[in-house]
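First chain written, first letter: the chains are A, B, C, D and E, and each begins at residue 1.
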Amino acid sequence: MDRALIDSLSSTFDALRVEVPREDRLTVQAPRDAVMSVLSFLKGRGYDHLHMVSCVDWMEEGQFELVYVLSAYGTGQDSASNPGEEIILKTRIPRELPTVVSSISLFKNAEPYEREIHELFGVRFEGHPRLTPLFLERDYEIPPFRKDFDTRQYVEDFFGSIPPVGEEDQDV
Amino acid sequence: MTVELLLGVALGGALLTYVLGKISPGLRNAFALLNALALVVMISLLYGQSFERALPLGFLGLELSVRMNMLSWFFAVTILGIGLLSVIYSLVYMRNKERLDYYYATLLFINASMLGTVVAGDLLSFFVFWEMMSWSTYLLISLRGGSKAIFAGIKYIVMSLIGSLTMLVAIVSLYVSFDTLSITELAGHVQSTTMGQALFVLVLFSVTFVIINALWPFHTWLPDAHAEAVSPFSAILSAVLVRKGLYGLYLLMYAMLGFSMLGKLAWGALSYSNVLAWIGAITIVFAAFRALMQNDSKRILAWSTVGQGGYMVLGVSVATNLGMAGGTFHILNHCIYIALLFFVAGAIEYRTGGIRDLDSLGGLIKRMPVAFVGGLVGICGLIGVPLTNGFVSKWLIYKSLVLEGRPFLAFAAFLGTWGTILYGYKFIHNIFLGQLPDRFRDVKGIPFTMAVPIVILTVLIFLFGVLPGIPLSVVDQVGTYLGFESLNVSIWGIPSETGTLNVVNLLAALAVAGFIVWLVLRAIGRSVSVDQDDTYAAGAAIPSGKYHYTVGFYSPLYRIVGPYVRDFVDAFFLKIAGWTGSVCGVTRKIYTGFVGNYVMYIILFLAALIFVQIAWSPW
Amino acid sequence: MHVVWLFLYPIVALVVGVLFLGLSRKVMARMHWRYGPPILQPVIDIIRLFSQRSASHGRLFDLGIVLSLAGSLIIVLFLPFGDVAPLSGSGGLLVILYMMLLGPLGIALSAGESANPNASIGISRKLMLAIGYELPLLLVLLAFMSRYNTISIVEVVRLQRATGWSIASFPLVVSGVAYLLILPAILAIRPFELVQAPQEISSGPMVEYGGSYLALAKVQHALSMFIGISLSVNLLFGGASHPLIFLLKMLVILMLGLFVNAAFPRLRIEQAIRYLWRWPSLIGLVGLVLAVVIGR
Amino acid sequence: MVSPVLLIAVPLGLAFLVPLISLVSRRAAMLVPVVACLFNLVVAITLMPGVLDQPVVEKIGGFPPPFCINLYAGPVGVLFAALIALAGLGIAVYAMAYIRTGPVDRYHLLYLLLLVGATGVVLTGDVFNLFVFFEILCISSYALVAYMGNKSGLEASVKYLIQGAVGSGLLLMGIGLLYGQFGTLNMADIANRMGSVNQVSVFVPLALIISGLGVEAAIFPLNAWLPDAHSSAPSSISAILSGIAIEVGLYAMVRMIFTVFGATSILMFMVFLGALTLLLGELCAFAQSNVKRMLAYSSIGQIGLILFALAMATSYSVAGGLFQLLSHTLSKALLFLAAGYMIYRSGSMEISSLHGMGKRMPLTSLAFTIGAFSLVGLPPFVGFPSKFLIVRAALARQQSIFTILLGFVLLGTLIEGAYFFRVVQAIYFKKGSGETGRSYAPAVALVSMFIFAALIIFVGIYPQPVADAVGSAATELLDRAEYVRSVLQ
Amino acid sequence: MDRNQLVKWLKAPAKMGHKYSLHAVYFCTGCGIIEVPPSITARWDAERFGVLPTATPRQANLFLITGYVSVKTLRAIIRTYEQMPEPKYTVGFGSCPINGGMYWDSYNTIKHLDRYIPIDGWIAGCMPRPEAIFVAVTHLWTLIDKDMADGYKRYRKHYAAYRANQEKVLRGLDWPPLFPVEEQ
């Protein structure tokens, strides 16, 4: 990873922790409200491709961790030297009322990822045009992907509650 | 019951309608209806009579005359019949539009002048009524206002002016050499004309009749005029007014110049009827493919009028009694189903609030069944599906073409028919079938007075289709009047050794088979009726009223045919118009505005006069 | 005798058509190197379909399919079947050409009424394919008509008996070749089966046909196959003196068609039209010119 | 027997009475031209039947013909006098309502003088007398063009004055040369002696006279003044100018060529000139966006058509030309009168401002449409018989050159049809901006328009009487010997 | 075509018709569909049993539900089932439609399919082989013979219960009920 990028990153933003776990990967830890500025900064430096947004449920610490994976297409003239590099931006948000500014203004393709996280984790993204249900048919009290969602319990009492049809003339 | 009375009632009626309109709209509507009805009754009383009578007042030393014979009677019936139906139709259709006195008066005036052209005994009164017909049509085409209607009006009047000027020159040249204009006398004199003059007259007359009949090179005015005119008037325009050109061709080819002269005028293959036939063939094919690509309901019908004109010309130019019968019968058929289709298109436009774009209509069969039946039967007649009148006349034309050894013309005609099937089905499918959009959920049916003409014409199509004997006997008399030996017509069709047409067997067979199949369907099959939204869409529930496939209905075919069927004739005419405009701009430059130049012009003129006289002394 | 044939002939045509269908499915299966259904499978299908409760989309939906099947039944009466030609006296080749229009028109109307976009796409393809193969077909028919100088098909068959099969006689062999090139399109078999393509537009116009409607549609399809083949036999291969020989000739042509059907993938509508308007039309035109020039 | 002199004397007398009467009451002054024209019309009509077979030669001052100024009231002269009186009457009635502002009495004085000049030119048998009346006509029209007093009016009348002066100068020189050569000023006498002089020396006066009269008759190179003059003059004046003034100029030129010089060889050149004038007039009119300029250019076109017909010099063609002249006077007068009030109501002369006029002024628009249709030559109106006669005349010559020229002439009428229909469509079918209240022209104007419209339709439907009058006028124009004999015997 | 076949045909043609002409809706719901193409083509020719894939439910009378049924796919299955003409049979293919199979504890899959639409036959196995399809087909023949393949009758009889279950699982069905359901 070119040193220049790391130096400029740590110089422009103060509360950042930057590590280089692998030769072509850079992880950046940023506070919640600095995420958008870091993202736009990196996009300016040529990392214009958002691979995905995912969410990790640290239940014990009562926090969600949002992970943005960026890379450079390497086509633009001002892009980073090596197209294969990736930057992983992590941020922590509280578990109770998880709200984050939607990154859709910078990356159009973030829309489905954020919808999925909203549906399955319950994280609210302000500024997102369509936070409507994506995969699930029903609404759940506890979003299913949270660790405290007990699937077996849910299956047992929800699907258990569906009565079989036509019991009396069922000749087994 | 004389023809003068007929003309008087027609012309008087038109003017009186305007006056009555000032008094009260109801009175005017009633009078217009009464007038049209009276005319139809009077013309039916004139059936079979044939006479010629001079009118009392002369014109510049020429005596005018009127005549009635089978040919005029045939055309007069179509004019007055369609005129009556369109007056009935426009009682409700035009109710909430403005300038209705003007509309009714001009409509009746146009009918009267068309009647005049048909019963005129001499060429001068023929020309006078022809001119009155063209400028009154001009006044009615752009009635709806809007830039497109105005452009259509100007285009029409310029082309019809060209037509009437050429006709004037031709008529006067005949008058100069024979100093009589009565058609019967001219027919006698024609044998003694010089070849040059006969050709001169022939070319000028055919230019006029090709323009008004909208054949291929001069068809460009028709699509705009018909699409922009008001529906009842565009029904008249395409059903009858355009066929005056054909009446003119009949006069030219059979009454005046006569067929022997036309034979003499031919250089080998390039005989007049051959050229005319090829123009007709090109018109059919070109118009069929052009109509395919329109998505405005009235424009499709306008282009189909252009196309069908080609069939009539084909029939006429074959000049055997079969071809002639086919061509003449096709005039009657075409005027029935094209008027029906324009009435249906007008009804759709009336009910859906002025929407003519085929891409945004759909599913109207559920709300307007009568319009659907009318439209379907009209399209079947247009295509020539058996048991409709179009089939019989097309069969006659094809048979005469094939037996006369003109396969390529027959090929063009057949191809035109298949083009008709495509755009005919597009007309029916995009308007009536498919999903009914939500905004048309509460569209009401057709009002009664608009339904009457539609029902009458539908019944006529089937009546003439199943019993072709009735109209064919009239057509046969027209043929004999024009000098062809009559073909033996039975009530069911044309029994002849080279392949007969017997419609009764068709009808009986189809009825029996249809009944049996219907029985099978009803008795054995049990069916439950399903709503329009319950259709298969790979398990998804489709949003109601949004799934009707209309946009780009024949786009693959259009991609293949498109580049070859651009209307370069239209572009050429527009280029000429632009060119004249620029020439005018240039010539205006002569008047520079400085007095010095003007005085210099005078002195130069004088000097030139004197110089020329001294140098060459020509004077 | 004549009247008996008037009612017997359509039934025979139906039976033969359905048998052809079964035969073709069996032969196709054999070509795919599998056993394939029993010959009478179409009959079983039809019986099963008739016993199902189908969904109807309105009166035009029923009338359209009735018109189409009735139309196809009528055309059969006009076509000579060996020496049997019940109605061919009252309308020649022109009437047949026009009557062949009733079948597709009926299906088009009822499928249009079924308010399914797949059906509309299917119909527009059918009509485009129709004008596609109609152009060369017209050239061929006109060549025949002007060569034999008649528009009655019985006359054509009678003349062929005198001068031998028209596929063999010189000017018409060219038109015959053109006709054979477009035969798959007329019969709507594989290379031109794009009207009822199950994969692309879920069997086109047939998408909303269930139960008895589908049965009637299948019968109509079988009949139109019968008509297409019998027309080609009458025109090209000189008809036959006896119905059985006629059936034999039809079988030969059916086999020819099936080989083509099994071998070719389905064309796109544009490719189909471009093909139809290129080679077959050219050959047809040459055939017509020859027929006119030599026919004189 | 009423004598033709009254036709000139009475209007002249009344003209000078106008200032006196206007002292008494302005309204009475307006009536004077109407009375004068009515009187003239009555006299002309009473003269008409008698004159048809035997022209009346009026000798002023009692001397035998070659020495006195004589009036020659033949069918042509009386026909023209009647036409002038009729047009003058209609326009005078219109002017009562139209001319309100400015020195109204002087307007009526000049108007009457113009009519007197025109009638004089038509009736006179003496060349110099012709020049005198011609000058009266020109000068009064210069003054009337400038009547509006605005900048464009003044500029147009100055241009008209300059060109007219040059023309009159040439005319005077021609007449002087003639007098020098023949020693007499009487037309019949000159015509009688014309044979004795060799042709070359006669040609120079002919050329001078043709170009002199040509300026007023507005033939091609000489008509540059017409568009400005007719468009910036008040509508009633441009009506009388287009209706009468240029026709009288053309009559004078034709009279000189046919009877005085008998120069039949120059006629072929005149035919070409006529066709050229027609084509250029129509082409320029097509490019106009100002209604009155368009009408002015169409006058040039029509004059070309009349010249084309007259110059063919066969009895049919001259009859056709005169008939066309009559129809042009009526239609063009109606067009200018109707346009006058439309412009007055809509505020500007641009065609775009006339949109939607059909609804606002229905009767005036109807009048305009009738005038337009009759000028283009559509059947039920007066333009059609004249066009028919001209086409018959052209084709009767059986020469290909005339058929080709006829083609160009009809092309000209086609272009004329195009731009007139464009205006009619703008009036009826385009939506007008601004207020749309329905308003009518004053009753008097409507009456005059109604007179013209009624005449146009009546003569259009039943042209026989007019055709006879025009026919006899044509024979008189063509028959030079008869003219000389009837004057000198 | 032996003698008693002919007698059977004459006595009950409709039943025989349904037995020997089972047109399957070519609708792949889950992982099981991978078994259907081989069963149609040369090696295990299904056509000899009269089984033919058709493009639309309107033309079919057999509905093969192959593999796990997610909640979203259930909506499509119900719609397709309701669009099939009346004498229709469904066969659950694989263990997932029976009791949820290996997704027994997933929140998003349907466990007992027969609580939503009637099923006539089951083929156990986690993706049974094509031969199993033919076993199911022959099994279905016997059921049809004994009039036990009455799934569509049960659907009609207990439609209210079926509809209630469906609406409980799916967030509001956006098409009207097939049979008139009297609101409780």
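The rule is short, and it goes like this: contacts are C-beta pairs under 8 Å (C-beta built on N, C-alpha and C of every residue); 3 or more make two chains touch, one makes a residue touch a chain.
Remember, it's a predicted structure, so these values are computed and weren't measured experimentally.
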Starting at chain D, fewest touch steps before arriving at chain E: 2
Co-neighbours of chain E and chain C - touch as defined: B
If a chain touches chain A and chain E alike, it appears here: none
Chain whose Cα centroid lies at the greatest distance from that of chain A: D
Distance-to-centre winner among chains (Cα means, whole assembly as reference): B
B-C or B-E - the one linked by more C-beta pairs in contact: B-C
Length of the line joining the C-alpha centres of chain A and chain C, rounded to whole Å: 61
Euclidean distance of C-alpha centroids - chain B vs chain C, Å: 36
Approximate Å spacing (C-alpha centroids) for the pair chain C, chain D: 79
Euclidean distance of C-alpha centroids - chain B vs chain D, Å: 44
Touching two or more other chains - residue numbers and ranges from chain E: 56, 58, 75, 83
Residues of chain D touching at least two other chains: none
Multi-chain contact sites of chain B, meaning residues that touch two or more partners: 534, 536, 538
Chain-chain contacts as defined at top: A-E, B-C, B-D, B-E, C-E
Chain E-facing residues of chain A, complex: 133, 135-140, 144, 149, 151-152, 154-155, 158-159, 161-166, 169, 171
Contacting residues of chain B [partner chain D, same complex]: 57-61, 127-129, 131-132, 135, 138-139, 142-143, 145, 149-150, 153-154, 157-158, 161-162, 165, 168-169, 172-173, 175-176, 580-581, 583-585, 587-588, 590-591, 593, 595, 597-599, 601-606, 609-610, 613, 617-619
Sites on chain C touched by chain B in the complex: 10, 50, 53-58, 60, 62, 65-67, 69-71, 73-74, 77, 87, 89-95, 97-99, 101-102, 105, 108-109, 112-118, 120-121, 123-124, 127-128, 130-131, 134-135, 138-139, 142-143, 145-146, 149-152, 155, 202, 207-208, 211-213, 215-216, 269-270, 273-274, 277, 288, 291-292, 296
Residue numbers on chain B that touch chain E, as the complex places them: 531, 533-534, 536, 538-541
Chain E partner contacts - residues on chain C that touch it in the complex: 25, 29, 32-38, 41, 44-45, 47-55, 198-199, 202-203, 206-211, 214
